[in-house]
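Multiple structures follow.
Heads up, the next two complexes both have chain A, just with different partners, chain B and then chain C.
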Partner chain A sequence: MSPIVLIFLVLYYAIVVGIGFWAVRKGGAKNMEGYLLGGRQVGPLVTALTLQSTSMSGYMFLGAGSAGYTTGYWAIWYAAGDIGGGVVNLSIIGRRMRKVSKIMGSLTSIEYLENRYPHAATRLIAGILSVFFLYFYVLAQFIAGGKGMALVTGLPYWAALTIAVVIIMIYTFLGGYFAVAYTDFFQSLVMVIGVVWILTAALSAVGGWTEANAKLAEIDPTYLSIWGKDLQYQGQWGEVAGAVLIFSVGYMGWPHVVTRHLAMTNPQTARMAGLYSTLWNLLFVTSPYIVGILAILILPELDDPEMAIFSVAGKLLPGAVTGIVMAAIMAAIMSTADSILLQVGTIASRDIFYRFIKPDASDKHMVWVSRILILVMGAIGFVIALLQPPGVFDIVVFTTSVLGSAFLPSYVCAVWWKKANTPGAIASMVGGALTAFFWESIGLASATATHPMLAGLVISFILIIVVSLATQKSSPVKEHIIKTMDEAAKLGPIPKGMIASMDTNLTSESKGVSDSLNGDK
Partner chain B sequence: MDQQIPQQEPVATEQTILALTQHISAQQAEAVLSAAASQFNTQIQRRIYYPYYWVHFHYSVKTVLGKRDIEAYCFVDLINNLASTADRFESETISVPANNVLQSKMDEEAAYKTARTYLLHSSIHKMKALLLPKYEIVQKAFVYKPFWIARCTNANREQFHMLVDGVTGKYEALTLDGDS
Partner chain C sequence: MLGLPSATAWVVIGFPVFWLVYTIIFLIVSRGWKKEAGDKEVEE
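Let's turn to the complex of A and B:
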């Protein structure tokens, strides 16, 4: 790596830390609290980009590029799912699920599952599955951080990995500078510009899109096929469906955090932020895959396909720009890693330790449990990433398959099917997770031409339906749950436009007033 | 069967409460709903005051960039025991008919516990710092928020009711017996 790249890399970090110091010391207390605690006082563009920056991870920069580099246009199936995912999430399931979770007062998705399917086993199983599989995702960030750091600094992988993991741990324990809206915004902006710049430079280097496709066809025409290199997935719609499902609905299986905020003014920020987010997604999601495909032409002898985007940047961009963009990418990877680590720590302490081991634990005690657990997980992750690092793409697809298969049917049935009960949900979570987990390893994916994600989802849905129906008499769904579902579903003759603009933050007030008025009758 | 909500606030015992300052009048609430459901005839039926427990926390967290001081406002819905963060707000002490004030279902101690748990949860999640915030309570009080209840009907005799936030003008559907 050239000295210019390193100088600008250091310069970038200096600027970001400077913004962080400025924001914390000067404007922190007054301007940031809204952002930190769920408000929207920093404007729609900043809100949108800061939210999106948390979703950018090692997968986008290493996994997506690698998928494009090794499979050609087949990789676009994954991007297609990602683009459509937001729409599916928001329009089909999102609103009703948000309503039910707000009526039930669930702070985490695991609490939500336990409230809807009331039994201690629901929370225990959901908590263990979440902690175990989210941890793989953290591992992917460790590997991505280590590889990126190695390329940027020229250090050997083991040294770069050590630095990356230590930095991630410091952020996790002490609160990194990324939790400041304006540094997140700056970082996102650099990445958008950087990724578009890399894509433009790559297209220019290969003589444009048409020329690139012609050259790819000369090397191997199957790179252009929607069935993958060497037509390895030809006619296998089960694989295609799985690839699309991964990022369209698979992410919905990830444990999410519910926060609630009462606005005291009526800004249009949220709506505008949604528009900016969609535009960002369209621009950002496909670019890494395409750069990976173009890298086949630009760097045909690449040793590690996961380095495709970093290497294309290093080859085509000016040294100063490479340094800045790589620094931003590294920052995004580390920021994602510390977010997921915190989430894993919170689930382990709140949903498992506090709930099952020490219900009288103080807040301080619970924070310490999280810290110790995160340290242990960091150490184990470091050893795995050092000794036998799996591919980032494989880990993320695997994790999303298992979590999606485990939780998606339970989330969906929780709001759409009144007969979904606790035994059905538990069978679905366990059965779905096991199916997705073992499908690939025992050779069923190739034997049946079906992606583990699709297989896991189908089994999971079958289990929740069959087991729920079989146990209706012994485990009927409780009255208050059915009432909550009715309230979330009941829209009557309300015009669609009005439904879309209703504020789910007022759901609990609506329930309180409805109960009161119906009772007054 | 149609839900009968008294359109006139009946003469009743007055109750003095600390309420969030109302910014949305009945006419404005009607206009907001009419704009979103133009084929329906909208009529404001009643104003109610919803009970919350409000806690103003001042807390600080040490991070790699130094100590962060944060002012946080936490509202606890006293009917459903749900906490949320909130923006700064204006309030005033007013006297209103007692039957327009919804009754709380929680005591202060339980509400405070809910607020504190939520603060810890949201601060770790949002600040991404695995640190226990040091906090002090600046102020706490029972406050009430004004809401408008509106009935929307159309020519087909279909009807639904809406709850309109008297501070922001945002709205959510009510599920009342007798609605279509």
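Let's turn to the complex of A and C:
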């Protein structure tokens, strides 16, 4: 590996870790609300960029490049929805979810669901679904990190994977939402710089965009078609709708993404955060897909399409710039992995272990449960990534479809539909997840030409509506929830008497971080 | 445009424009949200 690339990577890691320590010391771990939500003091710019960088992940540098390389301009359907993903999320549920969570005292996105749809089963089902599928998502980040490190450093995949996983795990141990949000903010800037740089170099190498499209048409005119190479998706509007919906509305069903709403300084933070999200997406989102398409011309004999962007960077850019691009790629991977690992650790320890298994667990006990869970999950993920790494694009599209189908209707109806009740939400979560999970494997995706995301969403929405209406008498929505929703709909301050009393003791997780920083352990 | 078939060009250019317009409309419609800024979030 070039020494210049190494210097840039080391510098990048040093800055990220430095920001992490600064943020934790600044106040991220003072109490439960501080640790899990940054004390609800995250402003619009950081909210927008942590939401975007957490959503994007290593998928954008591996999966998106691969999709462009293998399907041509069909891949743009995914980007077309993705550009609006942030502003859709913030405009539809951001303000109200922030307000409802404040009134009800919800500190995690799963706890929020239980508060809105009161029943232990809500939390148990939502917790298990989240941990299981978010874990798959972390697995994709491990693979992305390992492959990227292998290509740039020349190390064998197993060694590169080990380094990538160890770095991600150490970084996650810093913990705390405030640390994650501010490191995400820095990483999002690095991501934009890296991707714009590589896009510029790729366009320059092929003689400009118009010239590149003419050359692609000479190889195979269907690369330019919006129906994909060899017109494989021609007329399949169900597939198109799924591709657009998955990253436009799908994020509203991601527990680790909607947590960003809970952490905003105030409800109106969502407003400017929406603007910043769109601006960042306009710069970032389409570029990796376009670089993947241009790689057809630059590297026509590429063995692994997921390496398209890494390989283009290695071929076209000088050492120093490759270092920045490599840092951008690692930024995309780490900014997602840290958020999800924090979320998975929190859900597994607080929403499942503490809530159902050992409610009297001591702080010290909880710290170790959380850490051991993260370590075990990391170790299993490492082994899977080492022995039989699945494609990053496939994992991301699969997990996004299942999570979006499971949770999106419940999160949206939680603030917009007063009749949405507990049985409806549980039926929607289970039915939506199962539909998206099995749609592809039992052959319904090809038989109906419908994307699993679209099928899962339709079933999930039907279930929450039908089951809620059918069970209004047996399971009416509680009065305090109706009042909370009325209050969330109003514009103005929350009456003081409505705010739930909150436990301000140190959480086990935050105490663990504080102890570690203070050298008490 | 850009050497692309018209349908592809519409998707490549049209969707970013659509989301920009959506964002501007959102900012206009949500002007009243300022009532919930800063220390105005909870009644004294």
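Following the convention adopted for this analysis, the second predicted complex is superposed on the first by the 386 of 521 C-alpha atoms of A that agree within 3 Å, B and C clash if a C-alpha of one lies under 4 Å from a C-alpha of the other, contacts with A are read in each partner's own complex, and residues count from 1 in each chain.
Keep in mind that, in the parts below, contacts are C-beta pairs under 8 Å (C-beta built on N, C-alpha and C of every residue); 3 or more make two chains touch, one makes a residue touch a chain.
All figures in this text were calculated on a predicted structure; none of them were measured in a lab.
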{"item": "Touching partner for A:Tyr78 - first (chain B), second (chain C), both, neither", "value": "neither"}
{"item": "First, second, both or neither for A:Gly492, with chain B first and chain C second", "value": "both"}
{"item": "Which superposed partner A:Tyr112 touches (first chain B, second chain C, both, neither)", "value": "neither"}
{"item": "Touching partner for A:Lys102 - first (chain B), second (chain C), both, neither", "value": "both"}
{"item": "Which superposed partner A:Trp209 touches (first chain B, second chain C, both, neither)", "value": "second"}
{"item": "Which of chain B and chain C A:Ser339 touches, first, second, both or neither", "value": "first"}
{"item": "Partner chain in contact with A:Ile374 - chain B first, chain C second, else both or neither", "value": "first"}
{"item": "Contact residues of chain A, present in both the chain B and the chain C interface", "value": "102, 265-266, 491-495, 499"}
{"item": "Touch list for chain C against partner chain A, complex", "value": "2-5, 7-8, 11-12, 15-16, 18-20, 22-23, 26-27, 30, 32-38, 40-44"}
{"item": "Residues of chain B that touch chain A when the two form their complex", "value": "3-5, 20, 33, 36-37, 39-40, 48, 50, 61-66, 68-72, 75, 77, 79-89, 102, 118, 120-132, 145, 147, 149, 152, 154, 156, 158-160, 163, 165, 167-177, 179-180"}
{"item": "Residues of chain A that touch chain C when the two form their complex", "value": "73, 76-77, 79-81, 83-84, 87-88, 91, 95, 99, 102, 209-214, 217, 224-226, 265-268, 270-271, 274-275, 278, 281-282, 286, 491-496, 499"}
{"item": "Interfacial residue positions of chain A with respect to chain B in the complex", "value": "17, 20-21, 24-25, 28-30, 32-39, 41, 102-103, 105, 107, 170-180, 257, 259-266, 338-339, 342, 345-346, 350, 363-364, 367, 370-371, 374, 486-487, 490-495, 497-499, 501-518, 521"}
